[in-house]
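Naming follows writing order (A, B, C, D, E and F), and every chain is counted from residue 1.
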Amino acid sequence: MSGNIGPVDAGRVPRYVGPATFARLPRIDQVGRADVIVLGIPFDSGVSFRPGARFGPAAIREASRLLRPYHPGLDVEPFAAAQVVDGGDLAVNPFDIAAAIDTVTREAGALAGDAALVVLGGDHTLSLPLLRATAARHGPVALLHFDAHLDTWDSYFGVPYTHGTPFRRAVEEGLLDTDALCHVGIRGPLYAKADLDNDARFGFGIVTSADVMRLGVDAVVARLRERVGDRPLYVSVDIDVLDPAHAPGTGTPEAGGMTSRELLEILRGLRGTRLVGGDVMEVAPAYDHAGITATAAAHVAYDLVSLLALTPRAGAAPTTGT
Amino acid sequence: MSGNIGPVDAGRVPRYVGPATFARLPRIDQVGRADVIVLGIPFDSGVSFRPGARFGPAAIREASRLLRPYHPGLDVEPFAAAQVVDGGDLAVNPFDIAAAIDTVTREAGALAGDAALVVLGGDHTLSLPLLRATAARHGPVALLHFDAHLDTWDSYFGVPYTHGTPFRRAVEEGLLDTDALCHVGIRGPLYAKADLDNDARFGFGIVTSADVMRLGVDAVVARLRERVGDRPLYVSVDIDVLDPAHAPGTGTPEAGGMTSRELLEILRGLRGTRLVGGDVMEVAPAYDHAGITATAAAHVAYDLVSLLALTPRAGAAPTTGT
Amino acid sequence: MSGNIGPVDAGRVPRYVGPATFARLPRIDQVGRADVIVLGIPFDSGVSFRPGARFGPAAIREASRLLRPYHPGLDVEPFAAAQVVDGGDLAVNPFDIAAAIDTVTREAGALAGDAALVVLGGDHTLSLPLLRATAARHGPVALLHFDAHLDTWDSYFGVPYTHGTPFRRAVEEGLLDTDALCHVGIRGPLYAKADLDNDARFGFGIVTSADVMRLGVDAVVARLRERVGDRPLYVSVDIDVLDPAHAPGTGTPEAGGMTSRELLEILRGLRGTRLVGGDVMEVAPAYDHAGITATAAAHVAYDLVSLLALTPRAGAAPTTGT
Amino acid sequence: MSGNIGPVDAGRVPRYVGPATFARLPRIDQVGRADVIVLGIPFDSGVSFRPGARFGPAAIREASRLLRPYHPGLDVEPFAAAQVVDGGDLAVNPFDIAAAIDTVTREAGALAGDAALVVLGGDHTLSLPLLRATAARHGPVALLHFDAHLDTWDSYFGVPYTHGTPFRRAVEEGLLDTDALCHVGIRGPLYAKADLDNDARFGFGIVTSADVMRLGVDAVVARLRERVGDRPLYVSVDIDVLDPAHAPGTGTPEAGGMTSRELLEILRGLRGTRLVGGDVMEVAPAYDHAGITATAAAHVAYDLVSLLALTPRAGAAPTTGT
Amino acid sequence: MSGNIGPVDAGRVPRYVGPATFARLPRIDQVGRADVIVLGIPFDSGVSFRPGARFGPAAIREASRLLRPYHPGLDVEPFAAAQVVDGGDLAVNPFDIAAAIDTVTREAGALAGDAALVVLGGDHTLSLPLLRATAARHGPVALLHFDAHLDTWDSYFGVPYTHGTPFRRAVEEGLLDTDALCHVGIRGPLYAKADLDNDARFGFGIVTSADVMRLGVDAVVARLRERVGDRPLYVSVDIDVLDPAHAPGTGTPEAGGMTSRELLEILRGLRGTRLVGGDVMEVAPAYDHAGITATAAAHVAYDLVSLLALTPRAGAAPTTGT
Amino acid sequence: MSGNIGPVDAGRVPRYVGPATFARLPRIDQVGRADVIVLGIPFDSGVSFRPGARFGPAAIREASRLLRPYHPGLDVEPFAAAQVVDGGDLAVNPFDIAAAIDTVTREAGALAGDAALVVLGGDHTLSLPLLRATAARHGPVALLHFDAHLDTWDSYFGVPYTHGTPFRRAVEEGLLDTDALCHVGIRGPLYAKADLDNDARFGFGIVTSADVMRLGVDAVVARLRERVGDRPLYVSVDIDVLDPAHAPGTGTPEAGGMTSRELLEILRGLRGTRLVGGDVMEVAPAYDHAGITATAAAHVAYDLVSLLALTPRAGAAPTTGT
């Protein structure tokens, strides 16, 4: 009906059968065109504590076997509304952060073409080259950044490109629309009070994890939508925005986090914004249990894909969920 | 005082000592009569993804060692208010779903007699024969179904009896009072929008997991009580109604679920309804950690037992919590 | 600036490098003076179900490697505002509960001197000798007790000193100000309704886990502050106050618990009370996963330390967060 | 050089990048021809204790990422000596054992054509239809069966086709050359002494796990080679032939088993026999740890593939290890 | 045929169904007489490092579900040759080592009567009261002690009765025949060279774990049989005699241990000795994985039971394996 | 007696109490001199598959709590025979391999002075700078390299310094005595047959894991001793030399490995050689279970320390084990 090629039919081929492409979707080489590409980037050389996010893309894909084609929360069949494909993994150098960033900067945009990317990380270092690719196409973008941490620090051990610094670098490089930046889910101790001052100076607003509990998700959604308006929007999700109860499989856990229900409901509240790309990062499967972190990340990616499927595309007829 | 035989005294025999009957209650053969029977049915041949719920009853019983005799939330001493026993396990054929369903249909009702059953599963396929046994005694019953999934699909691989289809079959067989059916905790993607239409056509209302967060448990309780009224009520709990953080040990986890506190408070809100039986299903211990899923299930079963102990029984003097 | 010696600089020495003192703070013998001492007491011979809390202090310290020096929720740099040190572990006899209690009674106060203690347990038996040491210096104290359980039982197996009895003993010994006692997070079944009557008779109020969900943390904070006023206050946290999803690594888990976010926000609400000491107990790492229980406990201890750093000390100039 | 398409180059694409085909080999649809096909069959509905082998093929493939192209023990580059491909998974009905066996009987042979199959299970029920497909092409075959258990029982619960019965059925169906059958690694208690008598009557020899320890692998190899001679040979490996220390991730573990080193050295001792196919079964990842069971199974499969690559093929020029 | 009541039939009732008595045998109260009693003693208050063996009996029983009625290595059907029953658990005080030892001293012998005991521990402290009960009936006994550690130390923390001291106490109390004592599997560092001198002075011989590797099990068996002759023999197995690979679930692991195959083959070599009782100790399930330690212990207990079933009993007709 | 300061007394301070220095030895700053220094280097940025060895030193130290002062296999009290200290951790840059190698090259030798180093890794990249420091003091050294892998590859992703290349670089830099090099425990597939040719050209002999099984440890020891003679000897142990059953907690596991007993007995066979330093690498605790890998590594380090304590030191009086 839609002309798009969707996932394998789970009523004939059990969910645990066959290769673990995202949501059991076709590979990009099987389709040859795409509106949305789910892309893995297995890389974790930028982490400061527990490594292992290089195995994140594979774990998220395994967990995504349970995803089904209709999203009731957003009332859309994303794989019918858009051609969504699994773009495979980018191969980047694990021994050289700068080389890895260069590869992603160069190849992510080239791979995407006119399609939107939803990236499965990998550590948060990667959001910088992904924002470069995004800004190259859309100009400076609005950013909603879901994370326990600010990720606007300057450097570690004298190294400017790590998983704690991507958004500072992105501001410095002019990739972000500094009127439309917000962290969500922030909590835990900081190095110094100045961290907050710097962060605000870069243009970021903050909705803490405690704010989400006190205000409720609908009020948070309203605040976020006001901030981003109809600008092109990038959504970056560090899975540690969730409480360790919901996401044990990550590298720098902080108590007091959001629930997966809050995170997903906030994402669903973004229906109608102008999402142009996103990522879900820092899933470290060696610390996961029963795939619960990967399952949460798979749902996040599915929501990002669904929002992108709902976003009108240049030169494309409008699609609806029905 | 009550004349009922209660659990082993934990002040003399440590909780980790002796056989793991539910809540360390006597076996049915030790008592010879029962108002409420906790019955295990180790069976998981109807599952479509992760198997292992055949080990659910044993795990829930182990976790139930920590249960104590007074329920402050319901203000009842259930084991004094009613004779509660552990009915052991039903042995059913793991290699033949139809044979297993026949066994449960035949033996569950025979075992129960006038007593109420609280079943420890086992996969959700079993709710169909349990509803048959229930309806044989009480006529079509109201149903509150706590689950991430609708379980009203038609078939998988051409097979009509699986863990995704029991409630559709139950409606078709006339076992349910279709004016008084509600799913609670639903979330996650579906196969198609038509799933919702079919489900509504069968008579089900839906309270999603997100609704529970937005409305709060007391409003949900009010809505459920209004729906079931004073009809004979069956409560079926798929443990995956809980978020994977609370119930990693299950076969088809979905992010964005309820907390165990919400679930237990909703159950406690059912005090005064006319509960006639219930089950807690889909605990798969191989995916559990530190018994947290089994602990949640043990508390669910304890709440169902307590509600049943509070329900006036034909030919029995009214009991109170003290 | 502050003259205090703080933690190792994580920008030069990675967090996973070097000995795991609490928050990578100096040892007491490296500084020679202290306002706040974090003290481990590895002991679990008083537990009635799952042992293993003897490994709690080491696990909490490992998890505390991620703590940073500025607490945004309380707006304080605790390690600058006060000299905080790691006091190491007390060595107590694992084979003789009475001897262990005697050792703690004698040595904890001697070690503390004028400093405040934040104890990493260890099982809850230890709160009795810690309250003895506290009362010896401050007189009877107000108590906020965060726990799933009352811990005011009389005895197990005829033994009066176990992890289920410390607060009954403390009341009997006159260590507590019985006008200012409150349990928070209580849930789960009890031995008998009389447990509640006894507990109330000892002077305890109760805020259940369900109350926290219904009232919200701010209302709970108001109630607690009203109860404790400006009395010297001891805060004892049994980590099982958290739901097993947040704290699987403990000995007597109960479903339906609090989230780590609720617990931490309530603790932060105690800013301005007159905290004189505290403990975090019952972390049993063998049942933990990915350190999430220890992480929650490390944040609890960090919040207690931060509150103590904010508390005016006799003979000390007032300190602020900056 | 060899004209065959080999695995992805691990010096350019890290081992954790890209889809987990067996040994990172090409898919069958990427090559279009094959000498050896590695085929997954995710199915575990025939198991009598712990299920979960349906996830075995995926786990073995993940573990096979570490395999490299040169086998020093057999002195062969198997992927150069033969065109080896990953044939993907067969989709079989999880709810109907008979239907599943029919599907494998029908499709395995059709898929294989002239190529040899190495099957990743899946439970041992599957060896029956695989032997049917093998015998259809080669006539009755010699069998070396590595297992803790005989798997020559008659039925469970009246069901003739389960994971405990495949080789009895195979003898009854005339698929095996009863002069050339041997179990290796047998241990643990049996139902009755008659089990051994029946088994011997079917033609099986037995080398117990204790025999392997006492005789050493070289003497065992000599005995096995004498038994199978130059007959077409099928090798079936139930991973529970290994001690639970080496293979915790399986359904019916028995203490006292073989080491992975013994198993692999015995397999290598089969160089020069006329291997025509094989399988490695009963890997249940939910019980595995750090992938050690899957790693052992991946090495077993790699050895089977290497032996097949060394076996002269009809119409093929002889290949050597270099 | 034998007149003895055996285990539940696994061909009709799946192994995971029903209560976990040892090997699914009847309870002692179901039979009323016994030749061999398998008795659990959940107690671990005597351990010096990782606690948790209080959960050992339950874990071993769960793992014993897989045991079958015929022992091919010893050629005996133990449950036919003798009436073997599950004696349940002794309840002992977890807070008072002396009281616990007293209870076992008093009750173990009374429970046993003329039957032989195979005890599932529990920590090694318990072997002292078990030897008291044994010597009360048989006089001083020969002892084969399988362990990584000597367990002949004098005291810890001034306490004479712990899991490191039972055999020194047993020698001092005259419970052992000091001409017929041997440790097997010893390895790892000691406190001082004098440990060995003391141990030898008490009469113990030592076969180290390395000796087992160098000599082979048959030579070890010969040495042990020579030492114990036809004296009444007690066999005590600390599961940590196995390498941590085979027995991770224990409290004081030492690298370089025996394999489960070696241990079981040595036990089988004791056929024909005059075994009068035995125990398997120190299984700590919280550190186990997939039940492999408990599985090894279940096989050890099964071998001890089988040896006892083969031992002629006073007033009993001789039994054979068939 | 010896004048050396030994570990904390485990008879007064339980093993789980206090900081986890290696074997509970004093820190270097507590003693001020040392014959042997145990040094941690938490670094894993050179790994090609599973990262996490940065947490290796902490895990090995935790496991070393169980070590005791007398080594019966070598008949030495190492902490009396030599002053052994814990040198803490070197802090190296996780984001820059070259910088990390420079730091180790520079600081390891400076720290050691006249003392011998036993390094707890960390990944195998580190052996190169450690050999630089060793050769700077002793000239080119003999090397026994225990590993599943050759680690003499040339580069990955164009990077010459990784965990797969240290010994090729060491040969190129002239740090090794190429007449006295041997790998032990090698197994698993290689990239090409040329790997073996290159390796032999560098001067390495190979004792495979299968050789150890076939020859026995004593014959292996003889071969190794012949090769190294009385040259200054460095022993480098990659923990993956052990089978994954014994060492699941590592990054590139290979089936078919050595047992911990074999490894330790071979090390003990080196008594009397001229050991000058050693390391134990690649312990990745996130993949470990119950600390068994770390326990094996702790015993390896203890054996290396004991051998060093037995090695005559320049300017030191000879020491013996008694």
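Rule of thumb we're sticking to: contacts are C-beta pairs under 8 Å (C-beta built on N, C-alpha and C of every residue); 3 or more make two chains touch, one makes a residue touch a chain.
Per UniProt, the chains are A, B, C, D, E, F = Agmatinase.
These figures come from a predicted structure and were not determined experimentally.
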item: Given chain E and chain F, the chains that contact each of them; value: C, D
item: Superposition rotation for chain D onto chain E, Cα-based, multiple of 5°; value: 120
item: From chain C, the most remote chain by mean C-alpha position; value: D
item: Whole-Å separation of chain centres (CA-atom averages), chain A against chain C; value: 37
item: Centre-to-centre distance between chain F and chain C (centres being mean Cα positions), rounded to whole Å; value: 41
item: Centroid distance [mean C-alpha coordinates] between chain F and chain B, Å; value: 55
item: Residue numbers of chain E (touch at least two other chains); value: 12, 14, 16, 48, 54-55, 94, 156-157, 243, 245-246, 259, 287, 289
item: Listing of all chain pairs that touch each other, if any do; value: A-B, A-C, A-D, A-F, B-C, B-D, B-E, C-E, C-F, D-E, D-F, E-F
item: Interfacial residue positions of chain F with respect to chain E in the complex; value: 10-12, 14-16, 65-73, 75, 77, 216-218, 243, 245-246, 259-262, 264-265, 289-292, 295-296, 298-300, 302, 321-322
item: Contact footprint of chain B on chain C as seen in their complex; value: 48-49, 155-157, 187-193, 195-196, 209-210, 213-214, 243-246, 248-249, 252-257, 259, 287-289
item: In the complex, chain E residues that touch chain C; value: 44-48, 50-52, 54-55, 93-97, 156-159, 162, 286-287
item: Interface residues, chain B side, partner chain E - complex; value: 12-14, 16-21, 40, 42, 54-55, 58, 62, 88-91, 94
